[in-house]
Amino acid sequence: MTAVRCVDLCKTYRQGDQDVKALDHVSIDIAEGGFVCLSAPSGGGKTTLLNAIGGLDKPDRGEVYIAGQRIDNLGKGELAELRLSRIGFVFQAFNLIPVLSARENVEFVMQVQGVAATERRIRSTEILEEVGLAGLEDRRPAQMSGGQQQRVAVARAIVSRPALVLADEPTANLDSKTSDGLMGLFAELNRHHKTTFIIATHDQRVMGYAKRLIRMLDGRIVDDIEQHAS
Amino acid sequence: MNIVLRLAWRNIWRQPRRTCLTTGAMVFSNVLLIFMISLQFAMYRLMIDNSLQAFTGHMQIQAPGYIEDKKMRQTVPDIVPLASALREQLETDTIAARATAFVLASSEDRSYGIALFGVEPQFEAQVSSIPGLIGQGRFLHSGDAPEVVIGSVLARNLRVGLGDELTLLGSGKDGSFAAAVVEIVGIFESGIVDIDRNVAELPLRLFQDIFYMDGSGHEVVVNAPELGEAHELQRRVESLLGTDQDLVVHDWDALQPGLKQAIQADMSSAFFMYAILVILVAFSVLNTQLMSVLERTREFGIVMALGLTPGRMGRLVILETAIMGVMGIVFGALAGGILTSWFSVHGFSIPGMAEMAANFNLPARMHPRVTGVTLFLGPIVVFLFTLLAALYPALRLHWLRPVEAMRAV
Amino acid sequence: MRTLAVLALLARRNLWRNHRRTIIMLGAISVGVWAMIFMTALTRGMVNEMIKDGISALPGHVQVHHPAYRDDPNINNLLPASDSDITQTFEGAGFKAWASRIKVPAVIMSERESRGVTLLGIDPARERELSFVSYDDVEGRFLKDAEDSGVVIGKKLADTLDTGVGKRIVLMSQDPDNDIADRGFRVVGVFHANMESFEETYVFAGKATLQKMLRVGDRVTEIVVLGDDYRDVEPVYKKVRDRVNDDVEVSRWFELNTYLGAMLKVMDGFVLIWVIVIFLALSFGLVNTLVMAVFERVREIGLMLALGMKPVNILGQIIIESMLLLIIGLAIGDLLAWATIVPLQSGIDISAVAKGMEMMGVSSILYPQLRLEDVVLANVIVLVLGFLASLSPAWRASRYAPIEAITKVY
């Protein structure tokens, strides 16, 4: 079954006095349990594609399906609901709500979903341990390193067991050792929970982890290869 | 435009909404202050004028102690010659002599206790509004004809009209019994109930005969052309009287102590309200400028590293505040001036105000009056407090460390 | 409900994030709320004293007169019923206090001076609770009974007349046939009042003595009745109305003294306007603070939207933050007002402007009056208007598109 299907997506931005084609007739299918890297130079359209898949942004034309459901024509409320229950996000930076502790950040989504307090507690403890942050539950974002912050973001993205996790340059602000740790975590979660991962990056090392590598240039897919994880 | 001024101007428009809100707070309080102060000053002026014009005048020459006790025997001797001498020496007509007694006035079927004034018929109109307020009949002729003018309420209560006779009973200067019968020739209506109910006037010479005054009276009323010139005139009157005569000159403030105190009491409560308003605006400015400094920490760090002193940057912050303050004054004075001018022409009234206003001799419709003072007094105070509020954010820059500041987000 | 808990938590934490701004805003709100309540309490106190003094001079909350008497306070306009009939009707009817009396204008003469006064013929036993004169605080003594042949006059009047306790004065008025009715009295007491005008105006004599002097037999000019509370005059008014015939006029205190009645109404309006004006002055700062708070947090708001929080929840969060700020400010302001008013409740001496205050009808000591209704009014207005003022920044925050908010660069 396909986790994500994009059909003929187009999106044009105006930048200064120029039109930039961020998506130029893009169509892809991503199977459930996929571990996909979107790679492109900056401005290549990978973030736009990711945002369109996550319902954060609407394409000018084309269709987006998540687990068979068309989402590009949904309203704000329905999209919010969809993101809350089915999609996890990890951004490049500013991932966390600064006034909440690591645990509270992780519990935030569950609380909005209406999960009971005890269950939230159990799951947040479990997930923070899984991402290697046991003992740091009560720290605020400002008191953690960049790698730790990204791990909290990952923990939050997967805590409600979404079928799909979208990560936009998750390692951009991390050193190589921390990046490896984070990617290892992604790969493990992918194996373990069959969660579909789509990771936008231009980091060669990150691409090495992917089972499928999609290269984009000027809004078009130029290369789409299956590869075996190293 | 000078570069610093241009920098300050651009800085305040980096956050247009914030600047608008802060300036809006200033404009709001400035408009309010202009309206209220214009109204207050107009009311005070009217209160003074209306209260003084009936009887008190700008100043009075009296025997010492009369102001307190108002006793019949505390007199000014040879009062008519004194008044006429003063008129001659000061080259003005706005001087008139009076005498006062409390009597029982009886008509056919009613008797009331009233205040009876003996006045100089040909000069009273120069110092009092009463002669001009005769509704029926006429004012007194000069001389000593047995005639009287009375208030409209008194006429109604005594059930008398023009041509009816009134019997007056009281005691003379020496304490002996005094009585007279006089004819009503005029009825006045001042609109001030206390006066219309309680007052009657007859010729001074007649009064002196009835009450055995022996040429004396109780007060010489002196009016200046303008209230503002009263003090100057009072000095001249005092020097003319000299020290040999046992007489004193009281200004309106001493004659009507309640008036000034009522104004003072009203002013102090108004002052409290204005102060609160100004403080709230100052808080608003403090908040805005502090935010503006904090979010520019990095920027300030950079220019500091370039060699600018905290003092100069502080002056920039003050200048930014001053620009907002000036906009507050300009828009406030404009809006406040227009609003207040409109009301000064058309007037306004609040339900229930008529009864209250009457208590202070004020009309039921209020007309504020815009002058330079009322237009700029409030806004300038607001402006000064605004600058004061900007002092803390400006001084904060002094403990900014360039390296740390540059790292700040 | 759960969402509300998260929102409240976020609001609370966010409020303290920029503690300087929050403290300044709290300062402004507290000062504003304090000023609202303090000023209201002073005004209420002033009006209350004014009305109490005014009522004590009337006296009573309800009075009964001949229909023509109020316009023409003459001895001819007597109440039609005899005093003994009145006593029979009113005695034991459960009024807090009541009295029948004679009140006529008169001239008082000492050896040297004369003055116009209001002459009151009273039964001292009945008027103890009604009168502004404290019987025990009288130089000499107060009247013994309705047959007392002496008079009690005010200090100020005694001074102007050059008279005092033990001296003789003459009172002149008219009888129903308009013959001069005069009689010599001995001054048995000199009273003090907190208003000079009372001391100048009122002269007390025995009711029976005056009835004889004015030749009116067993008749009076007015009945005065005191109720429990001047604000709730209707029950007393009805009760009095039921006990008299239609040929007399029954008036409530605010009809007898329209200045006082107007004062009470105008003051209610003043309190409301004052509270709203202060709020408006505050609202600029409040909206500014919220706009700033939203502006700084654009990215976070975008993140929360991206994570699936609904726009309405963002709106809620900002409004809760604003309400929290207002509630804390209100609490401090209320407390401050309470702390400053309570020590002043024993009275503020404003005798420096006593004459001016007397012109307004107030004695020279001001008792601030902290009324629950006023505090509630101020608090409710601040909360309701504060809610409305926060809607705009909150709505704006909830309208952010997540993608733009996240990528927004400062």
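Each chain gets a letter, A, B and C, in the order it is written, and its residues are counted from 1.
Please note the rule applied: contacts are C-beta pairs under 8 Å (C-beta built on N, C-alpha and C of every residue); 3 or more make two chains touch, one makes a residue touch a chain.
Quick caveat: nothing in here was measured; it's all calculated off a predicted structure.
Centrality by Cα centroid goes to chain C.
Relative to subunit A, the chain whose mean Cα position lies farthest away is B. A separation of 25 Å divides the Cα centre of subunit B from that of subunit C.
Annotation: 74 Å between the Cα-based centres of subunit A and subunit B. Computed from the mean C-alpha positions, the centre of subunit A lies at a distance of 68 Å from the centre of subunit C.
Remark: subunit C residues 2-3, 5-6, 9-10, 13-14, 17, 299-300, 303-311, 313, 401-403, 406 touch subunit A in the complex. Of all residues in subunit A, only 51, 54, 56-57, 76-77, 80-85, 87, 89, 91, 94-100, 104, 108-109, 111-112, 114, 156 touch subunit C in the complex they form. Listed in rising order, the residues of subunit C touching subunit B in the complex are 18, 20-21, 24-25, 27-28, 31-32, 35, 39, 42, 71-74, 76, 105-107, 109, 111-117, 159-160, 162, 172-174, 178, 180, 258-259, 261-263, 265-266, 269, 274, 277-278, 280-282, 284-285, 287-289, 291-292, 295, 350, 352-361. Residue ranges of subunit B in contact with subunit C, taken from their complex: 15, 17-18, 21-22, 24-25, 28-29, 32, 69-73, 101-104, 106-115, 156-157, 169-171, 175, 198, 257-266, 268-269, 272-273, 276-277, 279-281, 283-284, 286-288, 290-291, 294, 350-356, 358-360.
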